[in-house]
Amino acid sequence: MNHAILTGHCADREGLVAKMTLWVSRYRGNIVHLDQHVEEEAGRFFIRVEWDLSGFEIEDEKIADRFSAEIAEEVGLDFSVGFTKETPRIALFVSKESHCLWDILSRWTSGEWNVDISCIIGNHPEFEKVAKQFSIPFHCLPITKETKGEQEAKELALLEQYEVDLVVLARYMQVLSDSFIAAFAKPILNIHHSFLPAFAGARPYRKAYDRGVKLIGATAHYVTPDLDEGPIVEQDIARVSHRDTVQDMIRRGKDLEKVVLSRAIFLHLNRQVIVHDNRTVVFT
Amino acid sequence: MNHAILTGHCADREGLVAKMTLWVSRYRGNIVHLDQHVEEEAGRFFIRVEWDLSGFEIEDEKIADRFSAEIAEEVGLDFSVGFTKETPRIALFVSKESHCLWDILSRWTSGEWNVDISCIIGNHPEFEKVAKQFSIPFHCLPITKETKGEQEAKELALLEQYEVDLVVLARYMQVLSDSFIAAFAKPILNIHHSFLPAFAGARPYRKAYDRGVKLIGATAHYVTPDLDEGPIVEQDIARVSHRDTVQDMIRRGKDLEKVVLSRAIFLHLNRQVIVHDNRTVVFT
Amino acid sequence: MNHAILTGHCADREGLVAKMTLWVSRYRGNIVHLDQHVEEEAGRFFIRVEWDLSGFEIEDEKIADRFSAEIAEEVGLDFSVGFTKETPRIALFVSKESHCLWDILSRWTSGEWNVDISCIIGNHPEFEKVAKQFSIPFHCLPITKETKGEQEAKELALLEQYEVDLVVLARYMQVLSDSFIAAFAKPILNIHHSFLPAFAGARPYRKAYDRGVKLIGATAHYVTPDLDEGPIVEQDIARVSHRDTVQDMIRRGKDLEKVVLSRAIFLHLNRQVIVHDNRTVVFT
Amino acid sequence: MNHAILTGHCADREGLVAKMTLWVSRYRGNIVHLDQHVEEEAGRFFIRVEWDLSGFEIEDEKIADRFSAEIAEEVGLDFSVGFTKETPRIALFVSKESHCLWDILSRWTSGEWNVDISCIIGNHPEFEKVAKQFSIPFHCLPITKETKGEQEAKELALLEQYEVDLVVLARYMQVLSDSFIAAFAKPILNIHHSFLPAFAGARPYRKAYDRGVKLIGATAHYVTPDLDEGPIVEQDIARVSHRDTVQDMIRRGKDLEKVVLSRAIFLHLNRQVIVHDNRTVVFT
């Protein structure tokens, strides 16, 4: 069974849904999911269409071109098409905290996600053994101020070699350089251990404790050159009280972080997230 | 400004969205919201379309007939149409607890909702003064086992007299008879003070305390002849601990009850709720 | 029935709980609630003791002095004592949004809280009628840049005249001056319409929308000279999605704001909140 | 560093906290945590005291006897004492779902919990490889109606052999017999995939879908002979909508189940849970 998933956005105008759904129907595609949204303020139209390809009259590799020529160009739709038979390839970046890493590995190994973990890259050697346990290549690339450029070049080479579609920063405690982000040019998901925009930057639980908040949070977002400022995919919070020390917050926050990051990865893998203007439309 | 809102459901088949949106466009309706859902298991299609009527080429009172003849009959769509310029008329049924009553009255008086509170019916005299404060007619209809039939007949007469579109049971502690529900034949919203189906029936907080749950809840649902078994519109919960007595649960539950009921009323008024097969599709 | 409630904090040391509970027992007080907390990082001890005064051997008005002389001075406890028979007096400050006002008035009028609403002060005339409906004195004190000092002086005079124990800013859209805060010298509770420290200052829902967060929140805190920086008493959040416009956030946020503010007021009235070092211990 | 943790409950009376804290102080124990609770309705007193044993004048193995003789017998306290230097021993019971298993193993292997996973017992062979990956003994004991008694006897023998303190049913799809529960006579924690008491028994997500609830939940509870009726330790919920199929609920529920079960295990291991009369006091 193979489905096509088309996601895109354009300036809103009359009849967009009808136009696109008719196009799918005309070639005998059977639509199984349709989500659309009009952001009224910006007058922007967003769509996600998923259809069954059995009996579809256009070959997979020609769908994007045909749709572009027959629909997208005319209405100015910025779109992409993916296929459920494809298995996306992920690289995990880690440092010294393992809870997100374990959460991702356990979902992958148990078949919860249709994904390849192509490699794990750490700036510390800690998780080489874990990687080995799952027979996943591990690369240790320690980074200092001096070696950053050089090591990021090695990372980029690895991402190319492994044909990685998505980088997941699973509590990776290094800031990626602007040039790395530009050179990779594919999505990078990060988990930040606060409900952004509160407590951006370092040591958010310390800051949360000092401010005396009654909620702690976690935020999964795409990485952009502005630290902790990228489009938010998912957030969640937990209640805390005066009884929680900074250490309690760190411990309890781990459960938020891993679940929030994994939810964001799952949404991304299913092409449920559309980014526009530093905000996300998440079709659930 | 006047919008039409059409909601409906039918057996799923190809091209339903295109067919309906094209119909609106053909008569120069400008769609401002479109939500659709396919319940895969039952193969059921649900839709809500809202369009701007300025420039629409069919008069309001003929829209339902024309849509029925040109679209709905063919595809078997069970639908209804409403208009945002209409102000729905509500009757509130109350007993001795006032938190839901106050919450509804304050939203109405502050203009948060476009609704008429046509009357308040109590089986106790308690809230006559409150009703007077807001210049709303109050009718006290005490009910005993013996007088139930007679009093419900009076209630029905009042509902007809006030041309009521929706009855809201705002912590009304009487069970409506099957014949009342059948005779009224319009929607009735109730708030039950537990996360149904847990703790249906009387004294849910007492039961929650005795069971030692760590969450209490509230459930807004449409009333059907099966007590506390009608289609659920909205639910929410709050955490409790061993520190909460039954009285604490009752006090804290009030905040849940009033907000959950008011959310359900708002969703209903906006025609965001579609009922089918004792379940609801809630387009938010 | 009358209970004493003693709350306080001091540097932690051995035997504080025993010392204080024995003191109560020695004079035949029956402890009905005891909460204590040691903030490990700062080595600070917090306590709340509530005891039944029937049979207590010290008169109410002498309890503070005797406890001070016999216990508090020795251990350096910063404490206060209140009595459940006392009815605290509140002043409500309002502008043009009524949801918090209604929520507070409905709790008061229905007897949910043991409190006197001594007066309502508005910088707009909007809610004079509401105040009248509840027979509460209303004072309209419009504020401009030029008149601020003068009007705040009138407010202070009113607070003194009404013997107000607590000011509640129920969506009051004026910043209180440092001198007002210093002169009043009693607690002031505010509701801010975001999960602080995110989106402090003006137009938080606008900022939340622009940032694309997936949660909106509300924060009740004590007012200090630093705007939106005072000790947080209570916070809560609601999930939002791309479907929520700024107006939807504002509407949905109202439900958060009123419930969070009212929870904070209730906690304050019950003397469940202890402030130290810009953070709160909230015994629930 | 070694702490003693004493937990217990008895009929409430004057001076219990003072009596117990003085006892600890008398032998030069430094109390680091003290929690107490009086359940007013039943007049029951609950306490948890944790103190530093460096300098404590009673040897670890004599503490229980001395406390019993000098305090507990007199006041009728049902208590137990544990030590933070001890590492509790857990057995995991599993079937075919691995999410709770992985969650527990990852917390253990990363050092988040001070615990020994002594063995994994499965009624299916699925997770032998996972157990091997972590060098944990795995025992496959398939159960049929006919072999239940025999297999449970083997399980009991294993639990004795491994000196197990706590059995965790990590989505183990067999009902333990009354005789097994009686013979083991130590705590057994289970995770049920609903917010109990709603949807007890088999296929809770199916039932939740059919009922049309807007929340799904998970409940961690101690096992008693009454199926799904044991004392609840922890619960949590997630919002669902009409868009969630039964399969979506199952997938999303996994995240609830694993986190709720692990929270309950952590609370149990820290001796933060006291059971009385089929309810729990959870000191957090």
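Each chain carries a letter (A, B, C and D) given by its place in the written order, and its residues are counted from 1.
The working rule: contacts are C-beta pairs under 8 Å (C-beta built on N, C-alpha and C of every residue); 3 or more make two chains touch, one makes a residue touch a chain.
Note that this is a predicted model, so its numbers are computed, not measured.
Asker: Test of understanding: which option in A-D, B-C or C-D shares over half of the contact pairs of A-B, residue numbers taken as the match?
Answerer: From the options A-D, B-C or C-D, the copy of A-B is C-D.
Asker: Between B-D and C-D, which chain pair shares more contacting C-beta pairs?
Answerer: Comparing B-D with C-D, the pair joined by more C-beta contacts is B-D.
Asker: State, to the nearest whole Å, the distance from the C-alpha centre of chain C to the C-alpha centre of chain D.
Answerer: Each chain reduced to its C-alpha mean, chain C and chain D end up 38 Å apart.
Asker: Once you find the CA centre of chain B and the CA centre of chain D, what distance in Å lies between them?
Answerer: 42
Asker: For chain C, what residues touch not just one other chain but two or more?
Answerer: 40, 241, 243, 284 - these are the residues of chain C that touch more than one other chain.
Asker: Can you list the residues on chain B that touch chain C in the complex?
Answerer: Touching chain C from chain B are residues 98-99, 102-103, 106, 109-110, 112, 133, 241, 243, 251, 254-255, 259, 262-263, 284.
Asker: In the complex, go through chain C and note every residue touching chain D.
Answerer: 14-15, 17-18, 21-22, 25, 30-34, 36, 38, 40, 239
Asker: Under the touch definition given earlier, write down the residues of chain D that touch chain B in their complex.
Answerer: 37, 39-41, 46, 195-199, 210-215, 217, 231-237, 241-243, 245-246, 278-282, 284
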